[in-house]
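In the two assemblies presented below, chain A is common to both, partnered first by chain B and then by chain C.
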Partner chain A sequence: MGVLREAVSCAGLLTFAVTMFVVHFVSADRAKAESLKISLEEVLSIGSLEDGALFQWVGVVSDSQKFIYVTDAMDYALKKFDPEGKLVKRAGGKGQGPGEFSAPRLLDRSDMYLFVSEQYMPMIKVFDRDLRHRFDIPLRAPVGDMKVLADDLVAVAVLTARRTSAVLFCNQKGEVVRGLEFFGSEEGVLMDMVSLDLDVQGNLYLAYNFADRIEKYSRSGEKVWSRNLLGIKKVERKKVSSFIVPTEIVYKDVALDGSGNIYVLGGELSKERSRDVYVLSPDGKHLATFTLPQASHCIYIDAENFLYSRANEGITLKKYRMVLSREK
Partner chain B sequence: MRRNQIRIRDVRKGTNVKGWIFVVLFCVLFCSLFAVDVHAGECENALVRCINDPYWHTTLAGPVYCAAGYLFCKKYVEG
Partner chain C sequence: MGKISDWVIFLVFGCLAFFHLRGFHGASEEIVPSEEKACLEQGTGSFVSQLDLEWTKSRQYLLFFIDFRDFACLNCLDSFLNFYRRLPPRFQKEDAMGVLILDPGKDSETSVQIARVKLRGFVLSNHIAFPIQVDRFHVFREFAREGTSVILLDYDREIIRKFLFPLRQKDVDEILGYLKIE
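Presenting the complex of A and B:
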């Protein structure tokens, strides 16, 4: 009787173990088999070889009324397009006077203002929504990347010759309110250049331009995680004049969507160079990779999760709807 | 005699055609490699020109601005 009872309990335990084993592997397999797929549907195209609306656009941002603002480097201009893509206003012109540009580049906005970086001047030019020049924010060094947080606060990754790099949070006067220092992966000119974005909690995301590294920092400046997606140990470097500079760009841009997911545009070491976009969750998990139809220098995601990128080498700006699906 | 001459001509014709194919293939290969090389160094060449530009020698931060231009070039033109 005792032996029978023991046998029954052993069989029960064995059945339980086998069931747990099967459940574990089936669920793990399902999780593995299901992956996120992102496809793009074009909803708007601005600029073509015929219309001359854009010549070499660089920065893009949209507002809550769906107007689209673009910096055009070759036209030395800041342009405003309506939601249908019709040019409604143009400002700027070549020069160094108020509201003029020598090399307009990055563009971002706050509730009231548009912020435009100049490549060869340590400043940010500020315009209102009607493209009237309001004031300039003086900086200590040229801007590598920037993110506007409020009318009176902008986060800037500046280009310096220092070993340690920093993201500076500046007010309208250009005074540094706070700074976050980070260390590049290696010593050398440009090795610590980053593209940046911030989420609503104030967490900072960095994508290194010349290293296979994506990082998240908390608002207080602590590193939360660091990822490398491409398995690249070292990028190629070349001696140019008296400097040794990296010659392969790893990541070109970083942007966040409404859910806090991180989109990183790969550079020339990606499988599809300047077209592959890597999507990471806020905790750094690689969720998906999708490919832009054409090579781009940047990506921008608006409040409604539309993605903007380049086409025709900068003559055309494309707006896409991102369609997310789970794939088995 | 005449038959032999014709054969020699045919053989020479064949040699010429092979030669031309070789030359054309060599040119195509060489030109394409050269084109790729020129494209790859576009930003480096621009950086050299910027560093050697007397305008940037007047300021201490000159190389930093050249680096800014190089970064833009790498993001926009190459890659």
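Presenting the complex of A and C:
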């Protein structure tokens, strides 16, 4: 009887294990069956190999009237295009004077202003919608990434040699209203470089440029979650002067859509270099991966969920409609 | 490999000689005839010495090899631009030329067109006056192995020197010294 009971018990356990195994794969299959698929439909292309409208665009932002603003590093300029992609105004030029640029880079906007960062200068240049230079925001250090929150408030990830880095929330005078520290380890130079975005609740999303790490922080500064998508332990580094610096970019940019989903552009370690875009839900779940037609240095998603990225090595700006579907 | 290097050097000198002679003949076509006429009319015979002077003036030449990869990092070309600004007008315009060296894998027509557009933007926004040509057949690829560089040719002193960008102050002083300025 004892042996029989044991056999029955073993059979029960085996049945349970098999059932769990089947349930696991069926549910996985269902999840797979319902996985999100994102495809892109081109709706606008600005700058071609013939027209010389753009030479090397870097930053892009659009406004509620569908005008598109672009920084062109090679032309030392800020450019405004109408909704059809026609160049309507250009400002800037090379120089150190008001409204001139040495290396215009990031671009974002508030209701009234356009904010342009300079690559190696601790400042943000501010223009109105007609591209008239209005004022500069002095900062403590050059800008790594930025997100404009209001006419008088910009979140800035500054480039510093400190081991603990922070996103600083600055007013028009460059005064730090508050800060959020996000990094405390001692991994080395440039390892705290991030791309950032914020949602409407004030949650902060960071994609580390030289580490396989994507993080969400609450408005109060608590880490909500941290994800690595590529399974990369450490990036390669080399010695430059007296510093040891990383050589491969893991994540290039992060942007949010209107639903709060997080889009992260992979860098040189992605399967499709600088083309793979990973989509995460606000709670950090990996929803989908899609691939841009051409390599890009950044992605931007406007208020209507159109995605903008680079083509022709910066000569062309593409605007895409994102088509979401459930893949079977 | 040695033979290829020889051929590349041969081509460089061939091109330089071509541009040098073309520049000289260009001057003789546009300027000299009227001066020659004047000299002959005056019977001074000073035309020959003027020609010699022109020849001496253009016996130094700068040849820039610009690495296309530096266009992706504009500050990488700051040293080149700063150096360019310090050159006297004749080395900003006539007695210099540039070659844009493309990436090894960039052979397609689109890649060449992209390079041309970027070069146009670079030249226009920085007011570069000497001609820069895209090396679409990769004749000078070997010269960009170490990045953007400038080669100084001084025929009178039989000096050929290569300097890599970013230039050190010592390099700038040395080149400007060879060019007998500053």
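Here is the rule we use: the second predicted complex is superposed on the first by the 295 of 328 C-alpha atoms of A that agree within 3 Å, B and C clash if a C-alpha of one lies under 4 Å from a C-alpha of the other, contacts with A are read in each partner's own complex, and residues count from 1 in each chain.
The rule is short, and it goes like this: contacts are C-beta pairs under 8 Å (C-beta built on N, C-alpha and C of every residue); 3 or more make two chains touch, one makes a residue touch a chain.
Only a predicted model underlies this, so the values are computations on that prediction, with no experimental measurement involved.
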Touched partner set for A:S45, first chain B, second chain C, both or neither: neither
Touched partner set for A:M74, first chain B, second chain C, both or neither: second
Touching partner for A:N305 - first (chain B), second (chain C), both, neither: neither
Touching partner for A:Y120 - first (chain B), second (chain C), both, neither: both
Chain B versus chain C as contact partner of A:V189, first or second or both or neither: first
First, second, both or neither for A:N171, with chain B first and chain C second: neither
Superposed model, chain A: greater residue contact from chain B or chain C: B
Which of chain B and chain C A:K94 touches, first, second, both or neither: second
First (chain B), second (chain C), both or neither touched by A:V245: first
Residues of chain A contacting chain B in one complex and chain C in the other: 119-120, 314
Complex contacts: residues of chain B adjacent to chain A: 40, 43-44, 47-48, 51-52, 61, 63-65, 67-72, 74-76, 78-79
Of chain C, residues touching chain A in the complex: 71-72, 74-75, 110, 113-114, 116-118, 120-122, 124-126
Chain B partner contacts - residues on chain A that touch it in the complex: 58, 105, 119-120, 122, 141-142, 144, 159-161, 189-190, 193, 209, 238, 240-243, 245, 247, 249, 252-253, 267-268, 273-274, 295, 297-298, 314
Touching residues on chain A, where the partner in the complex is chain C: 49, 52, 55-56, 72-77, 93-94, 103, 119-120, 312-315
